[in-house]
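What follows are several structures.
Consider the two complexes below, in which chain A is the common component and chain B and chain C are the respective partners.
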Partner chain A sequence: MDTCIEKIRAICADLLAKGEVQKVIGFAEGSIPMASRPIAVTSKDDVEKLVFNATCGLNLANYVSDALPKEGKIAVTAKGCDSRNLVTHMVENQVSRDRLYIIGVPCTGMVDKRKIAALFEDEITDFIEEGDTLTIVSAQKKEVVSKKDMLRHNCRMCTHRNPVVFDVMAAEPVAEQSLDQPFADVDQIAAMDPEARWAHFQELTKNCIRCYACRNACPLCYCPTCFVDESSPQWVGKGQDKTDINTFHFLRAFHCAGRCTDCGACVEACPMGINVRDFTRKLNKDALELFGWEAGLDMEKRPPLDVYSPDDPDDFIK
Partner chain B sequence: MMGNLLEHVGVERDRLHFSWISSAEATKFVDVVKEISDKVRALDTDKKFAKEYTK
Partner chain C sequence: MNFITIDKKDWAGGIDRSRKTYRVFGPVQDENGCQIKPLTPDLYPLMDAGVTVMSPKSVLFPQTEKMLTATLDASREDHHIMKPVEKDDTLRVVLGIRPYDARAILLVKLNFDNPDYQDPYWCDAYAATTFVGLGVNRPGPCDFSTSTGCGPFSEEGLDVLMADLDDRYLAKILTEKGETWAGACGFDTTADAAESQALFDILRKEAEKNITASVDTDQLSEKSILDLHEAPFWDDVAFSCINCGTCTYVCPTCWCFDIQDETKHKTAVRFRNWDSCMSPLFTHHASGHNPRESKVQRVRQRFMHKLKYFVDKYDQGIMCVGCGRCVASCPVNIDIREVCTIMNNHESK
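So, the complex of A and B:
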């Protein structure tokens, strides 16, 4: 995938030189291997800083509204999922289409960094990606693995790898996959009895330190004051009490209902390796089954919980 | 979807009720509240969301 970076850089340099956009949001190398980070580039001389590889798992739609200049456009590189979150942003009036220049990047998936780190006992010193081959090096050893085997769970389940909206594409579209069981993980949890389900989620969140990195990484969480930060009234306690941890997770997830694109940025950001997608995946499944809805595919439609339709399922109302 | 999520994480479905009652439907209100109270009582006190306070 690194092959399209030259094209991305060329497009960005051209846009900045012509003054068509004020800024470009993309990914840059991090301070350690595999830690690529978002960057805003304002000069064509800096486009060399841009990178694109299988470690760019954050969602750039998250940074668009904050980085938007007072006037003019901003360019953003967008994988399939980022583009769907851009659509959600536009539908929810967070940014207008004419302020954006979207550089679509067909995506073959992002790697699970924890899975790769688990192959090593010591610190990883280098990460090289060539096509599907990943070479990862530490002081002790070198591992050569297939990227396909190292993909994040959400990328393995992803059926929208090509950007759904773009001004220019940085590469040819990739083949989309179709899945026999798109929600096998959700079904597996649903098959347990209620106490086991409760136990599963208690175990899942037991190490949560309430750092809110999952919320901060999510493009959907743009409220100026999040319910967890509100102090009058205080909706949820601030500490590590399990009741408060539960409340935070249930509500964070529910605020994403019908809006989540399963981009995985929340999981990517979590320092404790908690798969918070276990909550949102259930909502995504219900949105699909009850409303035939997948988030971020349609610029004309608002998310199903935002609108009323006489066809809405209502058998839960007694 | 809220009810489904709560059920999915293991909270008893009968703890959450939705109803549409007009201000003119006093008897329906009474019936619904009765039904809800009975169902929730049958589930016993909730421990999942109870904070443990140390004295």
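So, the complex of A and C:
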């Protein structure tokens, strides 16, 4: 995957030199091991700053609307999930296709940084990715592991590694995964009795600090004012009361129904490592099973929650 | 200053003895990482833990704190009159606090306890608390505390500074509070002062060698506020920011709060909650106007407060102790060390 960065840089340099786009949104090297940061490159002389590797786990569709100039195009590098969120943006009229130049990047998955950190008792001082081999170093030891074994859960469950929409591809498509049990995690929670299930979700968010990193890293959360930030009327308490924390998480998840691409940016961003995908995954499963719907695959189709269908699985609407 | 030595075999027993008079706080590990929490009788501090995700500031300044309460029952004579809530100001001790976090508490003190204002909630909690620090033998890559006026064995703000010597702790008692705590634990094996100090000096030097990150702050006070405010680099600094509150919440020195009234049935409660300058709501006026409407303005505010306004107002260096928590936790890798360097080196045109 790291081999396509030269192609990405060449494409970007060309686009910027010709003035076809005003900026390129991509990833830059981070300042600490295992980090990368979203960046906007506006000059062909700066394309060397761009990187693409297994730490680029955020979703760049999140940056597109704010970065869009009054006129003209911007380019964005897009993994499979980023491209699906770009489609969702277009379907929801947040950005029009002709304003974007999409550089598709086939993806073999992003690493689970917490899983890697857990291999060490001390802090990681170096992280080197070469093909499928990750070399990770701390003051105490060095670990050489396979990237495949360190992938995030959502990447292991991903069946759309290749961009679904693009103007140019930065590499040949990669093989898609097929899964025997795409929702084993959801089924496990669903099998719990109601008390245990409730306890699971209470435990899940017990250390939530309400920083809203999950919401803000999510390309779906573009409301000008989020319901938790409304002050008149104020819908939700601002403190650490469990009811208010629950309200935030439950409503955030429901707002993602039929829209979530399971890109994993929410979990990636959470400073407490809370697997907030436990909320959204169930909705993704429902969208698939009830409506045959996976978000962000088709620019022509309306999402299940904003369209009427005579085949609706629920009787009340017929 | 006197030194005592604590055999690690006696450590848990000492903690148990201190529980009679102290509420004990310390690092514990759970699914969400390592945190400083109140230790229930079955829990002991994880002394060899790494940096806690959240700082210990919450021991004195909880994320949500009940301040006042009132009854809304109109049949009661005192209805709608806010009254202080009962607080637990019994002695508390924080074990295993990192030296930079102790300095952070002194920086926070500038806000909550100064000649003009004394915040009763914070001041009472501070008066009740003993800080038992543990020197950091192996600082991590995000640590730049030697640039911020402290370091891995800094004593400022601590009541006791301990050094981990494998089978024992060597503890330097720095204050009366520290002495009282050691007494409550029954730790009374004195160690030779000169030898112990020499050992601390060696450990400090070794630990400081491991800190490779640094920031320059020497020019900040000379810069003009307006030049920095209008500097061209803020758009680039802020581009990746998603405007979550992570940096401000994990920060040991961020002290901003918001006050909220909540009612339930016939009871009203006034709380204070941590607030974050990263949130648009932070400066949202009742009129609807927001002087910091854009993300860039909010990011600029955070860094200007920490690295310029605070420097000018208090003359105590930057409002940052170099713990590196914001660097490690920022979802988009905004690094205060880089921003500080940019600000420090900025030349106006």
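Just so we're on the same page, the second predicted complex is superposed on the first by the 314 of 318 C-alpha atoms of A that agree within 3 Å, B and C clash if a C-alpha of one lies under 4 Å from a C-alpha of the other, contacts with A are read in each partner's own complex, and residues count from 1 in each chain.
Please note the rule applied: contacts are C-beta pairs under 8 Å (C-beta built on N, C-alpha and C of every residue); 3 or more make two chains touch, one makes a residue touch a chain.
Note that this is a predicted model, so its numbers are computed, not measured.
> Can you tell me whether chain B or chain C touches more residues on chain A?
C
> By the touch definition at the top of the document, which applies to A:D241: first (chain B), second (chain C), both, or neither?
Both: A:D241 reaches chain B and chain C.
> Going by the contact rule set out at the top, does A:L283 touch chain B (first), chain C (second), both, or neither?
first
> Thinking of the overlay built on chain A, is A:F316 touched by chain B (first), by chain C (second), by both, or by neither?
After superposition on chain A, A:F316 lies in contact with chain B alone.
> Touching A:I189, do we find chain B (first), chain C (second), both, or neither?
first
> After lining up the shared chain so the two structures overlap, which partner does A:W198 touch, if you call chain B first and chain C second: first, second, both or neither?
A:W198 sits against chain B, while chain C stays out of touch.
> Once chain A of both complexes is superposed, is A:E268 in touch with chain B (first), chain C (second), both, or neither?
Touch partner of A:E268: chain C, not chain B.
> Once the shared chain is lined up, is A:R156 touching chain B (first), chain C (second), both, or neither of them?
A:R156 contacts neither chain B nor chain C.
> Which residues would you name on chain A as touching chain B in one complex and chain C in the other?
On chain A, the overlap between the chain B and chain C contacts is residues 237, 241.
> Flag every residue of chain A that touches chain B in the complex, lowest number first.
Interface residues on the chain A side: 186, 189-190, 194-201, 237, 241, 243, 246-247, 250, 253-254, 257-258, 279, 282-283, 286-287, 290, 305, 316-318.
> In the complex formed with chain C, which residues of chain A make contact?
30-33, 35-40, 58, 62-63, 66-67, 121-125, 139, 203, 206-207, 209-213, 215-217, 225, 229, 231, 237-241, 268-274
> For the complex, which residues does chain B have touching chain A?
1-12, 17-20, 32, 35, 48-52
> In the complex formed with chain A, which residues of chain C make contact?
The touching residues are 30-33, 35, 48, 50-51, 53-54, 62-64, 138, 140-142, 210, 239-240, 242-246, 249-250, 258, 260, 262, 271, 273, 276, 279-281, 284, 295, 327-329, 331-335, 337-338.
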